[in-house]
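Look at the two complexes coming up: subunit A is in both, with subunit B in one and subunit C in the other.
Up next, the complex of A and B:
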C-alpha cells in the first residue's frame, strides 16, 4: 500500500480521516478498518478528507459505499470534504452524496457535525 | 522433383532465447513452454533448426523433435509414432559421432529394440515392452501414457535431460476429441525438469481458447513468434531467390514481404511456387499472378485447405456452408457478427451452424467469442477466401478470378508507398504512444500517469482528462484480474487525435466477457459483492465511446474521449 496513506485526527467528538494517494481496495480496507475501530470506541461523527486523494478506483468507492451504509444503519453522521470535481461526480454517480454531506473544508464539516 | 527446405536464416534472437532455455534444462531448471503463431510464421523451421543445433552442439541435453501432424489412425498409433521418434533420436544422439546425416536415420521398432539392447539401455527395452503389451491388449490410455512418460524415465536413467519439441501440437486435439480425453494424459507428464516440453502450434486464438487451458500448468510460459520486420524482407528474398533459383526484384521485396505480413514461411512458399513456374519474381504483375495462383491451387492455399477440410469428409453441408459463412463475414460491415444473426441471414439452422463455426475457428479462419464471430486478421487469409468464394461459391473461371484480383492487388501494391505516405498525412495530426505494463498491484498508476502527460498533447479539458484517467484505471484492473494473460502483461495504446483521445487496453490472455465477469463477481464473491463489479459501469460512464473487441490473443478494450464540442 505504498501509494496510499490515511491519518486520523480528532476535533471534539468528531473523527477526521485524512486520506492521501490512491484509494483502491487496500486503501479502502484500511479506511474501513479505522472507521470500524472508531465506531467500536463509541464515536458517532466522522469526516473523510479527500483533499490529497490523487485517484479513487471503483473498489475504493465501494468501500466508501460500505462505510456510508454503515453510518445509515447505525445512525452515525459522516461528511466528505475537499472533493475534486471528478470525485464529486463519481460519488454522485454511485449515490454516495445522497447519504453523506459533502463540504469544501474540514472546518465547515466539523461545524456542521457539531449542530447535527 | 523434391525440393528441400531452404537454409535457415533470421530468427537468431529466438534461437538464442531457446538455447538459453536449453542451458536452463541442463541445469535442472527446465520448464514446459508453449510457442504459438499463425501459419506461415516460420515455427517449424525454427524448431527444426533448434533441434539440429542442439543435436550436434550439446552433449548434456537430448533434443527430440516430434511432428504431431503426422497421420495416425488411433491413439496407439500415436503412441507408436511418439516412441519411435523418441527412441530413435535418443539412440542416435548417443551415437552421433558415427552419424553422417541424422535425417536419414530412421529405425524400425525391431531395430530400436536391438539398438537399445546393444547400447545397454534397459529402460528403453522396458518402455518398448510396455508398449507392445498395450498394443496387444488394445489399452490406448496405458499405451499413450507409457509413451508420454518415457522421455522422463529415460532421461533419469541416462542422467541426461530430454527436451521434447512437439510441433503442430493442435493436431492432438483431433485425436482427443470424441471423448478420448488424451489431453488429460499429457497433463500428467508436464512439469518434469528431466523432460520438459516445447509445445508449438496454431492458430493462436484457438489454442489459447481450448487446448492451452486444458493442458496448462500454472507455471507454463507461452511465447509468441512475431513476424519478421519489413527490412528483413530483401535479405530473406535474396537467400530464397538464390536457393530456389528465382530472379527477384530486390527493391520491390520489402513491399511484397510487408504484404505477406512479414511471415518468412509464407514468403518461402511463394518462392517455392515461383521456382516451379517461370522462376521470375521481377514485377508486381508477376508477384500477383504467382501469389493468386498459389492461393487458388498451390503452396499457399494448401495450408488453409488442409486445415479447413480436415474432418469434413462425408458431410455435404460443410463445404458450401463454410464458404457462405466466410463470404458473409468478408463482405459484412463491422468486425463481428452475432451467430444468431448469421444463422438467420443465411437461413442455416442454429444446430448446423455451430459445428461449422467450430471447424472454421479451429482452422484459424474465424474467431468466436460469446456468440459473436469475425474473420481472423490476415491479408493472405482474406485473399484466399476471396479466391475460394469466387471459385467454388460463384463457380467463376480461375483464370478470370486471378486476372481480376491480380489487377486489383497490383494497384494496391503499386500504391503501397503512396498509400503509406497518404496514411501518414492523415495520421500526422495524431500522436501515438504505447505502454507495456506488468500485471502487478497498482501498475495501473503507471498507465494513468502516462496518460496525464500524454493528455497534455490533446485538446481535452481537464474534467475530460480526469474521466479518462478513471476509465483507464478500471480498464487496467479488469484486464489484469480477468484475462489470465499468459504473458502477465497489459498493453496500453494511446492515440491523441485532433478531436479526441483514444485509449486501447489490450491483454493477451483468455478473452473475457466483461458483462459476464461482473455478473459472476456479484454472484460468487459474496463478501465482496458490494466492493467489486462497478468497473465497467465507471468506464461506460466516463468515456464517450466504449467497445470490446477480440484481439489477436485476448481482449481489446477501446475507449474514446471526445472534445466537449464533438459530443453528439
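Up next, the complex of A and C:
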C-alpha cells in the first residue's frame, strides 16, 4: 500500500471511518478489520467517508463488499459519503449502492442514521 | 455487460497480470489476486487451493471470509482428487454429477463459512495447478455465462502465478537436496582424508593423531592471520595430508629409536617430494595442498628440504604447516626422545624465529595460544591437545612478552 490511511471517529452511536489515499492494495484490509472490530463491540451504524480517496480498484471493492455483506447479514446500517463522481459510478456498477445509502456529507449521513 | 463494467473488468485483468509478474512475495501476490477476482464481480468470499504436500489433500493459499483458526487444508478421497484433477472448466453447485456434489459437500464440511457455490479449476499448460472456490455474489444472483468467462480469464493469470510458484518450490527442493548431497559428500570426503591421515600416522605409534593435530593448529594459525574459510579448509586438508609421502618410507626407519644414518635420513626427506607427487594427482578445490606437503620442511634460512628454499620462496601455507608440525613434534613423544614440554617448546620456537619459522607466523601462533589460555576463543584448537599440566601464568607471561618482542 503506497498511500492509504483510515481513521475512526464517533458521533453518538455512529462510527465514522475516514479513508484517505488509494484503496487498491492489502493495506485496505484495515478498513474491513476496523469495521468488524466495531461490529463486535456492538456498534450498528456506520459512515464511511470517501472524500479523500483518490482511487479504488477491485481489491478495494472486495473490502467494501465484505463490509456491505456484513451489514446486510447482521441488519446493520452503513452510509457512504463524499463519493467522487467516478467512485459513485463504480459503487453503482459493482452493486454496493443496492445495500448501502450514499450521501454527500457525514453530517447528512449521521442525521440519516439517527432516524434509521 | 455495459462498457463501464467491461472497462472495470479489463482494468482488473490488466492489474492482475501486472500483479502476478511483480516481485512481491507469493503469499502477497496470491492474496491480492484473490481480492481482485472477488472485487471484479462483487463476490463475497472465496479461497484459492492447491494440492497439499500430502496425498489427497487440498491446501489453502489465500482466502477471504474464513477465520484464522479454521483448517488450512482439507482431505479428499483419491477418487475425488482424481476427478478434480481432470476438471478444466468452471463447475457450479446444484449440478447432477455425483462427484461435483461430493466436492461441494466436502468443501462446505471443512469451510462452511466459504459458502462455496462455484469451483474454478486452475490449469497451466494443460496441468492442474489449483482450484478457486467462490461463494455467492453480493446480490446473490446466479453467475452469468459472461461472468464465468471473466472468471476463466482471471483464473488463467492466477494459474500462471501458482504454476511459477510450484516450479520455484520444486527448484528450491532440488537445491536443498543437492546441498544436502554436497554436505554428505563433504562428510565422506573429510572422513576419507582423516582415515587416510590416520593410516599414515599408524606407521608410527608415536605419531598417532599427529596429522589431525597439525591440521587443527594450522587452521588456528591461519585464522589468526586473517585467512578466509576457503583457505583455512585448504590448510586443514594440507595438515591432514602433509606426511602422506611417508607411505614410501620404510616403517623401520620411521620407528628407529637410535639416530638415523645419512642414508636413512635421506629416505625420510624423500617423503616431502613423494607427498607432492601423490597429492598433485588429486584435483583439490584449494590451492597449494601438494605444495604445502612438499615444502613443510623448508626453513627460512634455506637449510631445509627438499629444495632448500629461503624466505619468501616458501609458500605461506607451507610455513604455517611447518610451525604446526614442529610444535606437535616437540610436544609429543618420539621413539628417539621424550617430548620437550609446552614451555620448552615455545621457547625453542622463539629461538628459531627467522631461522626456521617466520616471525609473523610465530606471532600469530603465540597470539592464539595466549587467547586460548585467557579463554577468549569460542573453540580451543591447541591447548586441549596438549597432554600435560603447565603453569598458565608463566606461559602467558612468556607469550605476552614474546608477542611484544616480535611486533
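Note that in this section the second predicted complex is superposed on the first by the 112 of 116 C-alpha atoms of A that agree within 3 Å, B and C clash if a C-alpha of one lies under 4 Å from a C-alpha of the other, contacts with A are read in each partner's own complex, and residues count from 1 in each chain.
The rule is simple: a residue touches a chain if its C-beta (ideal position, glycine included) is under 8 Å from a C-beta of that chain, and two chains touch if they have at least 3 such contacts.
Bear in mind the structure is a predicted one, so any value in this text is a computation, not a measurement.
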item: Fit-or-clash call for subunit B and subunit C when the two complexes are aligned on subunit A; value: clash
item: Contacts of A:57 with subunit B and subunit C, given as first, second, both or neither; value: both
item: Partner chain(s) touched by A:90 [first = subunit B, second = subunit C, both, neither]; value: both
item: Contacts of A:81 with subunit B and subunit C, given as first, second, both or neither; value: neither
item: Touched partner set for A:71, first subunit B, second subunit C, both or neither; value: neither
item: First, second, both or neither for A:25, with subunit B first and subunit C second; value: both
item: Which superposed partner A:98 touches (first subunit B, second subunit C, both, neither); value: second
item: Subunit B versus subunit C as contact partner of A:106, first or second or both or neither; value: neither
item: Partner chain(s) touched by A:3 [first = subunit B, second = subunit C, both, neither]; value: first
item: Clash with subunit B (superposed arrangement) - responsible stretch of subunit C out of 77-85, 95-103, 149-157 or 185-193; value: 149-157
item: Intersection of subunit A interface sets (partners subunit B, subunit C); value: 25-26, 57-59, 61-63, 65-66, 90, 93-94
item: Partner subunit C, residues of subunit A touching it in the complex; value: 25-26, 57-63, 65-66, 68-69, 89-90, 93-96, 98-99
item: Touch list for subunit A against partner subunit B, complex; value: 2-3, 22, 24-26, 28, 55-59, 61-63, 65-66, 84-86, 90, 93-94
item: Of subunit C, residues touching subunit A in the complex; value: 4-5, 8, 11-12, 15, 28, 31-32, 35-40, 42-45, 64-65, 137-139
item: Contact footprint of subunit A on subunit B as seen in their complex; value: 441-442, 444-445, 448, 463, 466-467, 469-470, 473-474, 477, 530-532, 534-535, 537-538, 541
